[in-house]
Amino acid sequence: MTTHYLVLSALLFAIGGIGVLVRRNAIVVFMCVELMLNACNLAFVTFARQNGNVDGQVIAFFVMIVAAAEVVIGLAIIVTIFRTRRSASVDDASLLKY
Amino acid sequence: MEPAEILSHAGGGAISLAWLMIVLPLAGAAILLIGGRATNKWGHLLGVLMSVGAFVVAALVFFQLIGLDPAQRRQSVNLYEFIPGVANIGLLIDPLSISFCLLITFVGSLIHVYSIGYMSHDPDRRRFFAYLNLFVAAMLLLVLADNYVALFIGWEGVGLASYLLIGFWQYKPSAAVAAKKAFVVNRVGDFGLLIAMFLIFAQFGTLSYAEVFPNAAQASQGVQTAIGLLLLLGACGKSAQLPLQSWLLDAMEGPTPVSALIHAATMVTAGVYLVVRSGAAFFPEGSTAGLVVTIVGVATLLAGAIIGTAKDDIKKGLAGSTMSQIGYMMLAAGIGPAGYAFAIAHLITHGFFKADLFLGAGSVMHAMNDEVDMRRYGGLRKLLPITFATFFIGYLAIIGFPLLSGYFTKDGIIESVMHHNAILGWLAVVGAGITGFYMTRMVVMTFFGPKRWDEKAHPHESPAVMTWPLIILSVFSVGLGAYLILSNRLMVFLGPAVGLPAELPGFHPFSVPGLTTLALVAVGAGIAIAKYGRSEVPVVQPRGSFLTVFARRDLYGDALNEALFMRPGQWLTRLAVFFDNRGIDGVVNGLAAGVGGSSGRLRKIQTGYVRSYALSIFVGAAVLAGAWFVVGTL
Amino acid sequence: MITAPTIEYFALAPLLIIFGAAIIGVLVEAFAPRYLRRAIHVPLTLLSLVGAFALVILQTVRGVPTTPAAMGSVAVDGPTLFIWGTILVLSFVSILLINDEEQFVPSAAAVPGSAEEEKAISEGAAHTEVYPLALFAIGGMLLFPASNDLLIMFVALEVMSLPLYLLCGLARRRRLLSQEASVKYFLLGAFSSAFFLYGTALLYGFAGTVDLYGISRALATAGGTETLLLVGTAMLGVGLLFKIGAAPFQAWKPDVYQGAPTPITALMASGTLVAAFGAVLRVFWVALGNDSWNWQPIMWGVAALTMVVGSILAITQTDIKRMLAYSSIAHAGFLLVGVMAVGDKGQNALALSGLLFYLVTYGITTVGAFAVVTLVRDPGGEAWHLSRWAGLGKRSPKLAGLFAFFLLAFAGIPLTSGFFGKYAVFRSAVALGEGWLTGLVVLAVVASAAAAFFYVRVIVLMFFSDPSADGPTVVTPSWATSAVVGFSAFATVALGVFPQPVLDLAEKAAKSLFVQ
Amino acid sequence: MTAIPWLSILMGVSVLGALGVSFLKNDKLAKQATLGVSLLVLVLAVVMTVGFSPNGDRFQYAETYDWIPSFGVHYAVAVDGVALVLILLSAVLVPIVVLASWHDAEQGKRSVRTYFALLLVLEAMMIGVFAATDVFLFYVFFEAMLIPMYFMIGSYGGAQRSYAAVKFLLYSLFGGLLMLVAVIALYNVADKNSFLFPDLIGAVTDPTTQKWLFLGFFIAFAIKAPLWPVHTWLPDAAAQAPAGAAVLLVGVLDKVGTYGMLRFCLELFPDAAKWATPVVIALSVIGIVYGAIVAIGQTDIKRLIAYTSISHFGFITMGVFAMTTTAASGATLYMVNHGFSTGVLFLVAGFLIYRRGSQFIADYGGVQKVAPLLAGAFLIAGLSGLSLPGLSTFVSEFMVLLGTYERYAVPAIIGTTGVILAAIYILWMYQRTMNGPTAESVAEMKDLNGRERWVVAPLIALIVVLGFFPKPLLDVINPAVKESLVNVKVTDPAPVVAVKEGQ
């Protein structure tokens, strides 16, 4: 029964991961990361259900908080670099290499 | 009779002071070399003094020795421990070594004296005398050593001295090359000598004569032969025997007194000494090693003689004859106790008359401002009467003119070899004939006939300091042979050291071989006179027949060495150097370069695109998960 | 009916001090006038670090607690205390470097080269936020290795990382690089922490708890072949290995180290590495300890790859900081060798003490090296290109000598701390007596021979090649910086000649191992 | 046994001297100070040697203190005969080198006093490495030694100096790190919680383990020695290093390799050593011949000398692994003699090169005419290089070959060809540089000045004296070597023919 949710979370995680790999826009990339975090949340909740304890639910809350904090930091960084480069493409930021 | 046992000297008398023989000239050399220019003024005198001093000591030791009962005449004097458990430095005083000592110090001293005059104009005369002293010291150590290690030190010491003296005029490239060649060729011989020592030590656990000789027989036949042959290789190097003869002729680059002392009278006979010394142990009568020695001897005596026939350079002619004469000694030394005495006797007389000849030649060169080409001599007997007289006596001695030294000793050798092996004997006779030819040729070209020298040269007799040694040497060249051979004086004297043959040989002046020898010598001399005395001698060397060229080019000995060793050697060297730089070092540097290169390529994977980094993480995660799965489910 | 949790405040005091100070710092930013802020921040930060350190000492003296604190979610045990002490010391010296405002952008918001930046510079504006940010990061570092369940560990990870993401973007010079470093670090960090979290989720599913000991208990009963477990540990591993910069997750390290302000690089290269290794050890030894035969082979591959990649790629680097980044990767590889050397209790203690000692020596030397880097400057900032270092040995022999000394320590030459660090770890690995691990040690020494090449290369540049006319100037160091360099040099020598005291501490800390 | 910690004093004096020198402002003063310190060390070393009783305990002047208890590491120093003579060698060479390199450091326009300070540091480490009786301590010195030498080559060497220095360092480091693994493993296998050499003897019994550990140690030593085919760093390093450093490098540092083989490879892993002997002997023989042949083909004086050393190290390793008393003692003596003879050879070559400014043989010719003393010194040095009897090198080479022949006849015979080749490379070099018509490029060459004579004279004196009277050294060496061979459990082969004591 819970397997469906797990499969879904796995799918979401995979989608997020692929998204990070294929999308150029920093914001979108970042959103894909958030998607992965949420996939995790789904998994936590599912397992909480499976194991019949609430830890998973609680963890999900923690994760949301952390994700929120991450958003703040992330947007700040992305905005700064956007202001400098007038582009939010992660591929433009490739001075550091080799 | 077997050689007497070697006793350790109880002490007392001149014998316990024998070390002075070595130390005196050594000190002389040291003082002159370290003292430097300060000693220039009196250096040569010190040199002579030290050499004469050594002679005096030798004489004293000699008299103490003959005072002893024959069975007591082998005394070893231990000086000090050299290499603990391997060898000491010690002296062996016995008839054999003392005879050498007398020869070396006496002839040596005469040549020292002679050199005062001969080198008077040379700025480095002091250094010359230092080297001469060094040589005398080393040579004495060689013959006095009571074990092979000490002998080897002397052996190499004389080699060094010879190197230094051949290259004395080192600014002449020819001299420098000759010196190096002499040393290197000698090292080939030393190689043999060294291996012989290792083998002896592995066999007997010692290198001292006293312990090796008595037990030599216990070693297996093969080992004995091997040791013998290896020693022979060493002897060939020092004594310029085939196949290591090539250095001697070039060695004539050195000042003439050097040629007289080192490359005629003493050093080159060290090989004979080695064979005779080890003879009872490793070259017993009828042994394979002994046979090889005789063969080498005969081959060399013929080769030397043939070379001598074609040389126009008076010194090289004499050098060829030296080879040949040492060939005789080797031949005799190879046949065992019957020959030892004759070998040594010939060695001693040869020492005198060959030194006489060389110094005479030197006197001639001195007169002809260092011209050595006999074709530019001629008719010198009037201008250099003393030199001529002495040279002529030496000449008669060497060709074996009846009743002169060479006659007795060489004839003795031929006689004894005849009994041993007729073929070798007759070959030796032939050699004698050739000797007659080339020596006569030399005398005729130098002293007789019209003068062929150019105007600038105005020959003059040498000063007394040079002529007196000549006179003394020639006196000995006349009488010494008879003294040593008649009534087997030397043989009996040497008996305790080298053993005696079953029955002592008598002296048969009119034996077939003896007469034939005389006849052949006469013939040879006749031809020479006919060819060079009667007819005009061209000043420029004619091309000459194939045979002449063959002889002139030292029987192509050098060509052979070059083809066999030098060229391949140079090749090998170049190859090795290339291999080292490109091959081994190439691998090393290649490895380094490879790492660097891979680094240069690998760093490209760090593209700088964050998404590719993410990809590597993603893939890495997948791989890790997969790996975990594989490992976990195994 | 919920019972109030029991919190061992004394045990957690160091954490609380740091976080408290951080919060005060934020308040200072909010209320204190601009000209006062630095004057308040610096002493506040340093004092809090000192205080925390003092408490750590006190606890060590008072005796190490044998049970985890805060309802079993934070484990304050011997190793933790040692790691805390190490991190606090390293942070202290790093803060001294951060103290040099030349390193930081006056106004991060201003576009590089824009008018407002000019203005900000002329006003002498400064981001004094760096201090509280740094404190938060340090707090995270302290919590990370101490956290006894995966949730806390995740939170700690983020608390440690988020401020660092920001700090990376605050370099005064080469701001484009700095911002790029920041964004890369951020994206990749978030990405990897997502993996960490997913792994946590799967393990939660497997064990029904995120408590490390609970997981190990579940392992003991269930055996090690559950899909959830296998995939979960792999994902978790990704998150952790990313933090220590092990291949193939090392890509961020060179970029970030190069772009970030050097003092921050120093903090990351020393403090973060120590913290991350603490966490790695806790997870793999406590949670997966019963499962070692499963992860050792994989760790083997990772370690081998890491040390090879680090050493090889470093050879052709031309940026000094980038080179040090790769060297740090290589060192991570060497440290992983120790992580694998698990066996019986004694063996574990041996390995653990070795690792702890290695972390101390490496951290200190690293800070020193980066401190030197901050001093060699061109008109346009630090002389980052190696060619600029040519002939430094003649212009300022003392500094060059010190740097050369640090490099030799990295290379692990005897009579430097680095040698004993390597020795301690390799020794524990060989002591396990397993062929495969000894083989890895051989590979490690070969790698360090290769690594020696690029350390030596810098020495060649500094000493054997002649200085260029317009070579970089060596600024006279501030008291803080010179203190840092001096301290690091002293420690590198001292630990290289008399390592025994610190070894004793490490062994004492390791003896009790991690609490369960 | 005396209570005075001689060895620590020796090291301490050098180290303090180094510190002092590095703080001196005035270069000239620094030189004189260095000379003074090194002479003091020499005197102390001689005094120590006098107090050494050859037939007493094997290890004397022992000091043992815990250094790193948790690693089982001690600061443990002591000397047996072998170590003693090598320490003496270093102590003799350093002051001479100081005197010889009086002006070397100035050429590079680099800090003079650093050079001399490095010299003293190096001396301390050389003493330490030979004196260490704790394997770990030995390793520490073994590796740490590289650094001062690395700086001496790299900062004060010739045109290719940094290449040579790096090559030298990495080569040695590579071997050293492999050895490190072996050292660790040795500690664990032995399981004595101690690195003290005496504790470790016979501690490793399992043959396979022995072989691995032996390899770990041997490779490091083979690189250090250097043994063919891992020798290629030496010619570069020696050719680029300043003459003084080259002397210490070839004369002493490389001896650590051969010393290590004798002391550690043989005694700690006797069975493995015997197992490896055929290979090692083969490599040594190759080294002897190969080194000599390549030396003949060199065009650069210093490289040539370096290759002759490779040939000589072949002799030493052969002697060590022949495992007969004569050979091993010979090898040990060879280490010392080679130090002196190569030392003087490098130094005289250095004087020559300093005057002419070129290392290429082709740039010389007829020097003997203008600088007879220089030429004479060069000749004597060369002759000792071809181990002429009467010079110290002969004794050792003879002993090595003699002793090797007892057990391995064929290698000994092949090795003896080195005697011929040596004559060629030395005399040919001498002929090309010193003989023949004087090249105008050297026409103005000055002869040895006072300082240089003081450099050459003592060495030549030593070579000659030891050539005729090696007993004092051998009396010190022999007992120590016998002891080691006892630990290796080998006995000398008896002579085939039982000789009844003659006389």
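A, B, C and D label the chains in the order they appear, each numbered from 1.
Heads up, the rule we're going with is that a contact is a pair of C-beta atoms (placed from the backbone, for glycine too) under 8 Å apart; a residue touches a chain by one contact, two chains touch by 3 or more.
Just so it is clear, the structure is predicted and the values come from calculations on it, not from any experiment.
Colleague: Whose Cα centre is nearest the centre of all Cα atoms in view?
Modeller: Located nearest the centre of all protein C-alpha atoms is chain D.
Colleague: CA centre of subunit C versus CA centre of subunit D: separation in Å?
Modeller: Subunit C and subunit D have C-alpha centres separated by 44 Å.
Colleague: Let me have the rounded angstrom distance from the C-alpha centre of subunit B over to the C-alpha centre of subunit C, please.
Modeller: Between these chains, centre-to-centre, one finds 79 Å.
Colleague: How big is the gap, in whole Å, between where the Cα atoms of subunit A centre and where those of subunit D centre?
Modeller: Averaging C-alpha atoms per chain gives centres 65 Å apart.
Colleague: Roughly how far is subunit A from subunit C, going centre to centre by Cα mean, in whole Å?
Modeller: Taking the average C-alpha coordinate of subunit A and of subunit C, the gap between them is 25 Å.
Colleague: Mark out which residues of subunit C touch at least two other chains, giving numbers and ranges.
Modeller: In subunit C, 183-184, 187, 191, 195, 254-255, 453 touch at least two other chains.
Colleague: I need the residues of subunit D touching at least two other chains; which ones are they?
Modeller: Subunit D, residues with two or more chain partners: 170.
Colleague: Show the residues in subunit A shared as contacts by 2 or more other chains, in ascending order.
Modeller: Only 17, 20, 29, 90, 93-97 qualify.
Colleague: Touching pairs of chains, all of them, please.
Modeller: According to the stated criterion, the contacting chain pairs are A-B, A-C, B-C, B-D, C-D.
Colleague: Okay, in this complex, where on subunit A does subunit B touch?
Modeller: Going by the criterion above, the answer is residues 17, 20-22, 24, 29, 90-91, 93-98.
Colleague: Touching residues of subunit A toward subunit C in the complex: what are they?
Modeller: Going through subunit A, the ones touching subunit C are 6, 9, 13, 16-17, 20, 26, 29-30, 33, 36-37, 39-40, 43-44, 46-47, 50-51, 53, 55-56, 59, 62-63, 66, 69-70, 73-74, 76-78, 80-81, 83-85, 90, 93-97.
Colleague: List the residues on subunit D that touch subunit B in their complex, please.
Modeller: 167, 170-171, 229, 231-233, 290, 293-294, 296-298, 325-326, 366, 368-369, 376, 383, 388-390, 394-395, 398-399, 401-402, 405-406, 409, 412-413, 416-417, 419-420, 423-424, 427-428, 431, 434-438, 468-471, 474-475, 478, 493-497, 499-503
Colleague: What residues of subunit C sit close enough to touch subunit D in their complex?
Modeller: 353, 394, 397, 408, 411, 413-415, 419-420, 423-424, 426-427, 430-431, 433, 438, 441-442, 445-446, 448-449, 452-453, 456-457, 459-460, 463-465, 499-500, 503-504, 507
Colleague: What residues of subunit B sit close enough to touch subunit C in their complex?
Modeller: The touching residues are 592, 595-596, 598-600, 602-603, 606, 608, 610, 612-614, 616-617, 619-621, 623-625, 627-629, 631-633.
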